[in-house]
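Paired with chain B in one complex and with chain C in the other, chain A is shared by the two complexes that follow.
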Partner chain A sequence: MTDPQPLLRIDSVTRTFGDVYAVDDVSLDIRQGELFCLLGGSGSGKSTLLRMLSGFDAPSRGRIVIDGQDMAGVPPHRRDTNMMFQSYALFPHMTVERNIAYGLRRAGIGRAETVVRVREMLELVQLDKLAGRKPDQLSGGQRQRVALARALARRPKLLLLDEPLGALDKKLREETQLELKKIQETLGITFIVVTHDQEEAMTLADRMGVMQEGRIVQVGTPREIYEFPRSRFVAGFIGTVNLFDGTITQDRDTDAVIDSPQAGGPIRIPHAITGTVGQSVTVALRPEKLVIGRAPSEAHDNHLSGQIRDIVYQGGLSVFHVTLDTGMTVRVTRTNRVRDEGAAIAAGDRVALGFSGQSVVVLPS
Partner chain B sequence: MRRLVAALPLMWLGLFFLVPFLVLLRISVSEPAIAQPPYLPLFEWADGLLTMTLNLGNYIFLAEDPLYLFSYLSSLKIAAVSTLIALLLGYPMAYAIARAPTGRRNLLLMLVILPFWTSFLLRVYAWIGLLKANGLVNNVLLWLGVIDQPLVILQTDFAVYLGIVYTYLPFMILPLYATLSKMDGDLLEAAADLGARPAVTFLTVTLPLSMPGVLAGSMLVFIPAVGEYVIPALLGGPGTLMIGSVLWNEFFLNRDWPVAAAVAIVMVLVLALPITLLRRIQAQEES
Partner chain C sequence: MLRAITLLGFAFLYAPILSLVIYSFNESRLVTVWSGFSTRWYAELLQDDQILGAAWISIKVATLSATLATVLGTLAALALIRHGRFRGRPALGGLVTAPLVMPEVIIGLSLLLLFVAMDNLIGWPAGRGVLTIVIAHATFGTAFATVVVQARMVSLDRALEDAAQDLGAHPLRVFFDITLPGLAPALISAWLLAFTLSLDDVVIASFVAGPGASTLPMVIFSKVRLGVSPEVNALATLMIATVSILVLAASFRSWRR
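Now for the complex of A and B:
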């Protein structure tokens, strides 16, 4: 954020449709070479923001500056951005080769050079053998790669990707995520990826921004967002989380205590927190940070007790739903490191849950 | 049951196209006669001898008299020019309807179809009222002072073009609308995103993708226009040469059914050849 001239500066951009604020006072700087993910649910404004960057929509207020140039009034065909559409939008009457060449021809690049660059792109996305095919003769994954190659062919300053992997099945999506990241690193082109899939954002992004109701509620690395969410919304949107309501009863330089009736007692945190004694807060705790056992273990400074309601076996992971003595149900995950480990604890068993006060995040209620 | 349903259109075509066509073909190779019907039978049984008389003279006659050739060429020209004008007028209209908001789109489509609620003949007669020397068009132009003498519009080729384009324009607009309204808006945005100006987007994406509609609309205008009889008869002048009028004259004035039938057969062939050719090209492009 201290970059004197970021590649993209979104400056207090608002887009209203009638009374609705689709994008509400968003400011964001994106650096050259970054892979930035805009994450949000449907209607969060992420697609509207992307359309304003590509020029298909214009801000009601605010400025968009790309590489020092104010984009106000610049139509899509004069922008140095390219977009990969969610529907891919491949031209059905053109071959793969001509689809990729389309943008190059429009940029006034000569025939010979176009051929060379189309070849490069085909190799990059490993489609050299399919150059002569029409889009309807390709599989979903191949179409996705043609769309990527076509968008990259002009070597835009900024590549905008709208749910680029949304139409692929899970296995292909995971492979393609890594491939996409590798291509981005190789070319050094700045990518902005819009997605509703938090796993995809976590995998791809150098930095990500979480959007809610037209606003960017938090920007950070995937790790920062996951480990230190700043609101209940972000904590709940990225991964799953157990939330305990409570009141700060002690806040010192070295430690703090939050009394939570839902947790069945005080939650001890071994560092200072922001807040004042008596303030209502929410304590967020990720399911994998809870350790399940028959009896409380010495290794943890916080303990909860309850009864197993059910166990969901997911192969690599097991998810335990535990009903605490206070009546609240929490989620606990455990990797199945040993094959018969899951058999030791069964539904209906009484268990002790331990966690470290270091692992919790204290959020304003 | 399914076969029966599939056979229905074939039966329909057989009954109402193939059988009349064969009857026509049979008449076209017989000798004319002053009789009822006005042609001689194909087979004759006399003295234990069955004779079949195939008279190809009607076709030779068509080839020898340049009137027929000129009529065919003139019909094709009038139909082709009308089709082109209808395409140039109909494309922007279909495009505008396809781009209109949903509510207004249905209203506009309604307006395109509305003329069909009145008889075709009445509408052509209405044009006579508009175009004649003391008709509405001339009166308005005179009143505005654009002209000081009434223009001769009626009974010219211009009036024929006007009539054909007016009558068949909906047949051009509807198939064009059908393809244009199905066009994926993302494709147009993709073209713009890749640096194409609106005009370039139109030429490289919209137009090629709407070709099925262009072809369908052109066929629907061109084919009936070639054989058009009413419009040239009512709006055209003595110089307007169209095969439909020639056909009518042969049947009803000359009562030469064999030659008239030959004229009709040749017209079907003239139209069928380019259509089959076109369909073959389309089929090739698809595969």
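Now for the complex of A and C:
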């Protein structure tokens, strides 16, 4: 991660509003051509960070360097970044064509060249036929495309996208995610996407950073973040997770044991963990890593037992809420591979849950 | 029942105006006696240099003061809405709109005293005439314009201006490309409101007008004191017709959108 010259270097950036740390000592390097997602809840500081990158806000401390140039004191209209706004912010009194041309004309690009580049952009987002329309004559999805085309038209070094798909309905959002990724790969422009939607971040990102209370708590690929969260917050924020409190009772080079009263016994892990015997830890286990059955199966090295409280059928997937004998409720998901599989197990049944010790993540409590 | 009350309401509002229009086509010199249809008062009106001159002054004053009021009102609204908190903001907000509730007699009198004092001290504005009426009308027109423009500016999406700047437009350019078109409906309303108020005003104008700069309402008012002339009815009818055509055109335009 120590790229000698990253496209964007955020160096110990802090932004305070009075006593409130909106962004708190954030450092981050982003490479040329990367699609980076900033994921966080509302008030996590992700939008403030984005506004500082675009120049609408300035850091209280720290530096932002884009392509080797320190951005301190550079106003938004002089930056080689463009932003796609959450509300799209299309100019209502201009046609689609003039919206896209606006940035090009301001960059001093001639009329003829502008026409060509607007055409290119319209083709890229498949809106060639709607060039003459006004924004209020477009659907939500079409507006989103115009906003994207307008932001891309100047070929910025860095494109900042603030909740780019937030206003679209679920189905359209999923299609658009893939399209957005394709466009990004085609153009090779570096994207920074701010989102509160973890699924969106997982789908889009090459790498992502999870923000909490103004800090970046973890940076990694979507797989790293999902499979190896470093804190309870990250584990709980990305996807669903079952968390067992416990104490390390054994830690050797080859295996470890964590005793968890909530799980109703020891959890065996077939590798060494970081921690010392006697230390309190939390064991995180994703719902899909648990296998549900009537009797314990030989295939797993760890077992839990309990009673089905509730089954939520979601079509492709069923979610089982199982109350363990210890009183704790865990979630288990299973794909509905065979049509009537779900009927075999019903609410109230006693079940055995198996999982591999390889699949758990041990977190500091 | 509801229908009857509605009709009664309309009658209450418009019957006087309707009777004025009808009597403007009266043959007789006596305003209250109908003696047959005629357009002679319209013809006489067009011969009356005093009224035509006053109408010209009124239009000049209204156009200038409405333009001045709209520019100042827009600037005041910009300061109040777009510049966050600054020293004197509450005072500016209060004072700029104070003329809305100030009695006209007081505005007129205070402006007259100011103009006289300024004339004595710095020699400007020299004497009283069109210029002083324009300034006076711009003062209270600004109050109305500020309120109208402010309301629009609040509802204007700030992100649009940010987007324009992000796309490389200098803040001044943003103002002309994005903010002004966004405000356009409010600017037109503000201008028309200030124009109408100026055209309509007789109290303030009477205070600050000098000899030879009588506005139309002032002339009508002085004529009526000598007895109502049918000529005034004809003039009023023309004014009503003009205003109605403008209002209809405006609503037709917004309806077509």
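Odds and ends about this structure:
By our rule, the second predicted complex is superposed on the first by the 365 of 365 C-alpha atoms of A that agree within 3 Å, B and C clash if a C-alpha of one lies under 4 Å from a C-alpha of the other, contacts with A are read in each partner's own complex, and residues count from 1 in each chain.
Heads up, the rule we're going with is that a contact is a pair of C-beta atoms (placed from the backbone, for glycine too) under 8 Å apart; a residue touches a chain by one contact, two chains touch by 3 or more.
Worth saying up front: this structure is predicted, and the values here are computed from it rather than measured.
On the superposed chain A, the positions of chain B and chain C overlap enough to count as a clash. In the superposition on chain A, A:P287 makes contact with neither chain B nor chain C. In the superposition on chain A, contact is made by A:A89 with both chain B and chain C. In the superposition on chain A, no contact is made by A:G220 with either chain B or chain C. Once the two complexes are laid over each other on the shared chain, residue contacts for A:G209 go to neither chain B nor chain C.
Residues 54-56, 75-77, 81-83, 85, 87, 89-93, 102-103, 106-107, 150, 154 of chain A are contacted both by chain B in one complex and by chain C in the other. Of all residues in chain B, only 184, 186-187, 189-197, 200, 204-205, 208-209 touch chain A in the complex they form. Note for the complex: chain A touches chain B at residues 54-56, 75-78, 81-83, 85, 87, 89-93, 102-103, 106-107, 150-151, 154. Remark: chain C residues 157, 159-160, 162-171, 173, 177-178, 181-182 touch chain A in the complex. On chain A, the positions that touch chain C within their shared complex are 54-56, 75-77, 81-83, 85-87, 89-93, 102-103, 106-107, 150, 154.
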